[in-house]
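One chain, chain A, appears in both complexes that follow, with chain B as partner in the first and chain C in the second.
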Partner chain A sequence: MIGRLVLRRAAAGLLLLLGVSVFGFLLAELVPGDPFDPGRLEGRDPAAIELLRARYGLDRPLPQRYLRWVSLTVRGDLGYSLSFDRPVAEILRVRARNTLLLTGIAVPMAWLLALVAGIWAASRRGRWGRTAFAGATSLLLAVPDLVLALGLLLVAVQSGLLPTGGLRSLDFEALGPLEKARDLAAHLVLPAAALVLSLAPRLARYVQASVAEVLAAPFVDALRAAGIPRRRLLLRYVLPAAGNPLASLVGFSVASLLSASLLVEIVMSWPGLGPALLDAILARDVHLVIGAVLVSTLLLVAGNLIADLLIYALDPRIRSE
Partner chain B sequence: MSAEGDRPPLLAATGLSKSYRQRRWGRVVFRVAALADVDLELHAGRTTALVGASGSGKSTLGRCLALLEAPDAGRVLLRGRDLVGAPRPQRRAAHREIQLIFQDAAGALNPRFTAVRAVAEPLEIAARGGRRERRELALETMRLVGLPAAWAERRPLELSGGQRQRLAIARALVLEPRVLVLDEAFSGLDLSVQAQIVNLLQELQQRLRLAMLLISHDFSLVGYLADEVAVLDGGRVIERGAPAALFARPRHPRTAQLVAATPLLTVGEGAG
Partner chain C sequence: MVRPTRRWPALALLIALHAAALLAGFLAPYHYAEQDRTRVYAPPTRLRLVDQEGRLHLRPFVFARRPDPERPGGYREDPGQRLALRLLVPGDPYRLFGVIPARLHLFGFDGGERVYLLGSDLYGRDLLSRILYGAAISLFAGLVAAALSLAVGTAVGAAAGYFGGWVDGLLMRLVELFMALPWLYLLLAFRAFLPLEMTPTQAFFLLVGVIGLIGWARPARLVRGIALSARERGYVLAARGFGASHLYLLLRHVLPQTRSVVLTQAAILIPRFILAEVTLSFLGLGVGEPVPSWGILLAELQKVHVLLTRGWFFLPALALVAVTWAYHAAGRAWDDDA
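Then we have the complex of A and B:
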């Protein structure tokens, strides 16, 4: 049952990856010049360039090149990055790991914050709590991510309490294991905070809306008529019932966090996929661009798969079908 | 009424008032009185009907009596003890004696729960018995309302409207309440199902000495089921009495309007 669900989603994800790669290839084709354009590579060995051109078959027509790229990609060879002078797969492995580290911390934190704030606001009967919630979320939603990230940077610079960029300090290698972890955590605070602050208000709004909707349902009245304590009502009955639309948001939250992290990573010089993608675009590093886009798509597909599995786990109706 | 007048009511509302306010920037811009100084008594084994136009405050009164909404003023007395200001544990216990059956049985049932779980849930909330006992009692209550055990594992969406309403009744009865508030509980059902459920409730009322509050638009049903009728208009009780007399000779002009607007009344007396 669950196996078939995963298989179906995986197949759909594969199709999506295929589509993204075709699209990426076509877009890259529209960019004038090619990555091994001798004019852009002065000082390099022309023979080596010719070798690379032949290896990636740049002299052949587009469909052939695409098929060749696919056959290389499925073997794990995503091509060669000229701007980094390294194989694309090698760069992306490190970059994706860094992005995953950042989003892997930011997504759960944003959800935790959103759940607590949203449930609190939905269960307020007075006006002040709800007004405060609406005001705070509106304010955060209205501030562009860029301003938010820059503002956090400014605070960090002024206070001098936190490192303002990068993944680790210069003397990282000399530190002990515990100090290494602390150093990494300190570097994570700012970008993670920027991501959480950009994502959490949006999620909190959804949480509040769906919890409020369930609270207004007659079956909640029936539970209250059985004399249920409020906290138990919220956590045991209302939250699971509000969970379906929220679980489908998990996929969305991963997606929007990936695009937000692009920006935050660049502003905070976090060595993730974002800066790599930007560098690659500026340098017309086609293989790296397509590779980075593919990895982002892969993360997105994985996020949605997690959402589907969550719904499956949360809803007894889907399980019994 | 006069026959019961000497005995203390099981559940009574005295001087109940409730208004809904809409505020903008802290100022009240809109205020509507849903209930204004309402008195109502419910007696064990008897049915009181509440009729009135839409928005007259019927449901609000029902919800206040079931403790689902707090009145702005007035008292709700269960066996003479006020519940509005009572401490929470006492209110919770009282909650279980007063159960509500809603118009929308589909919405009133948690769509995620199977039938037997829906009925067993109030027992779990009330921390009564072990898991197996609760299930047994739930199945027994389902049988009582005419739902065979074979339906136990179905979810609300797999049941018909009438079956859902039966399930909602079973859930309300499983805590052995003393008072049932039926808020338009029959409006979505076709006549034969309605008749079945009405008969079922009458039977249960006699067996369990339930006090029932019947909120309904359906005058023929009210005439058939109720011992007393109260007419609500603009949050006030404008008239009350035995259904036959009240429908035949309404004293208040609004009651007369309501009665005149109900063509079914002529067959009402013979409908049962």
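Then we have the complex of A and C:
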């Protein structure tokens, strides 16, 4: 049962990766410039040029070149980055880990905040609480991630309490294990806060809407009449019933999470995938650009798969299908 | 029951902002690239009505400013010299609506000195003028990109829904690909393969093209749904029976039904695309100096001394928040009405 679900979703993810890989490969092919351009190698032996072209597979037709590229990529060879002077896979492994660290901390915190705020707003009977909630979320939604990140940066720099960039302090290696953890946590606060504030308002709105919908259901009235206390009613009965639409939201929000993270990482100089992609573009580093896009798609597919498993775990109706 | 959102405040704000962008040359006291290297990072000048002796003046004025000998890089006001505000004065030449040559500005000040109501930047350029000219770039980039992606999306969606079959299958797979990917990664990936150095005009249209061509997927999906149901309606089948051509049916019967979806999508897409242009320009991948896109103005904040001591560089951010809020509110009001 669960095996089939995972298989189906994984197949969809694979298709997505395939699409992105064709797209990336074609873009790379469209970039003008040929390493063995006969015009630039004037005076060299044409036979030698042909030999070189054959050696690097440049004389093959496009589909064959694509297949060769895919087989290299699958084996983890993403090419060599000229601007970083290192293999692309090596750079991206570290960068993807940092992005995962940041998003892995920010997403649960954003959900926690959204759940608390959304449930609170939905269970208010008076108009005042709802108006405050609607006003606060629509204001936060109108603040672009860019402005949010810059504003937080200002607060941090002015208070001087938090480090404002990077992953570690300069003297990181000299610190003890406990201090290392504290140093890392201090560096995480700012980008994580920006990401949480960027994600939470939209999530909170969905939470509020779906909890309010469940609260209007007849079974809630029955439970209330049976004398079940409010807190228990909300957490034990209403929240699970609202769980399915919320879990699907986890899947939908992975893509916007990656976009938000990209920008926050750049503004806060967090060494994740975002700054790597930007540097690659500015340095015209084709292999690194394609690698970063492929890795982000991989993260996306993995995130969606996790979301599907979450729905499976939360909603008994899907399990019995 | 939540009260339906009132539409007027948001719409009025939107109209005012776009009118300001359209009239940027007239409203701005100076040209956006006009420099004054003796007035670097001048803070906003206060407009006053009461002078040093406590006398009230009906005509607003500012005090002239001199470099402060005690604080290098600082300025102090000279209460002895009043510069009065005058309406409708000639100044830097500009082109109204981008075409009509003109010299008349909404306001200016007496004396030859430049006055910075919202402060100046590293080259002594007026931030107020740059925000106004920048609004023209950023707001219209959003509008044009949204028009482009709505046109592509509607055409693709209508074709997919109307013809069905393998056309539909193929186009919808493509839509899913575009909708699944993180838009900023997609945007940057496309941008990566375009030249880095361009003239501002080239850059503007390339940028708009790239942004517009990435956002077509969601409107296409929604329009397809409507076209799918429209083609089975009785009057469409009747028209078809009378021998109406595909083109006639699409234009006369299918497209008019997509109106409200397209309008709602416009309210969502325009602020998103404005933001896309601002983001790309902020990252140095959009229009370049000296053209003042809001993204370029915000990029100044990446310098730590600007962030800390030149608070007036947050003003473009304020304008951006106002625009985003107004579009969101207008979209919500539209949804409530529908």
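As a convention for this text, the second predicted complex is superposed on the first by the 289 of 321 C-alpha atoms of A that agree within 3 Å, B and C clash if a C-alpha of one lies under 4 Å from a C-alpha of the other, contacts with A are read in each partner's own complex, and residues count from 1 in each chain.
One rule holds in what follows: a residue touches a chain if its C-beta (ideal position, glycine included) is under 8 Å from a C-beta of that chain, and two chains touch if they have at least 3 such contacts.
The structure displayed is predicted, hence computed values, not measured ones.
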Since both structures carry chain A, what do chain B and chain C do when superposed there: clash or fit? fit
Examine A:258 and indicate which partner it touches, taking first as chain B and second as chain C; both and neither are also allowed. second
Check whether A:241 is in contact with chain B, with chain C, with both or with neither, and answer first, second, both or neither. first
May I ask you to decide whether A:217 touches chain B, chain C, both, or neither, giving the answer as first, second, both or neither? first
Chain B, chain C and vertex chain A (Cα centres) - angle in steps of 10°: 90
Using the touch criterion from the header, give the chain among chain B and chain C with more contacted residues in chain A. C
Once the structures are superposed on A, label A:121 by its partner contacts, choosing first (chain B), second (chain C), both or neither. neither
Of the two partner chains, chain B (first) and chain C (second), which one does A:305 touch, if any: first, second, both, or neither? neither
Does the superposition put A:203 against chain B (first), chain C (second), both, or neither? neither
Could you say whether A:284 touches chain B, chain C, both of them, or neither, answering first, second, both or neither? second
By the touch definition at the top of the document, which applies to A:16: first (chain B), second (chain C), both, or neither? second
Least CA distance chain B-chain C after superposition, rounded to whole Å? 6
Per the touch rule above, chain A residues touching chain B in the complex are 127, 217-219, 221-229, 232, 237, 240-241, 315-317, 320
For the complex, give me every residue of chain B touching chain A. 23, 63, 66-68, 91-96, 98-100, 102, 104, 107-113, 121-122, 125-126, 155, 157, 168, 171-172, 175
What does chain A use to touch chain C in their complex? 16, 19-20, 24, 27-28, 30-31, 130, 134, 138-139, 141-144, 146-147, 150-151, 153-154, 157-158, 255-259, 262-263, 266-267, 277-278, 280-282, 284, 286, 289, 292-293, 296-297, 300
Touching chain A in the complex: which residues of chain C? 2, 176-177, 180-185, 188-193, 196, 275, 278-279, 282-285, 298, 301-302, 304, 307-308, 314, 317, 320-321, 324-325, 328-329, 332
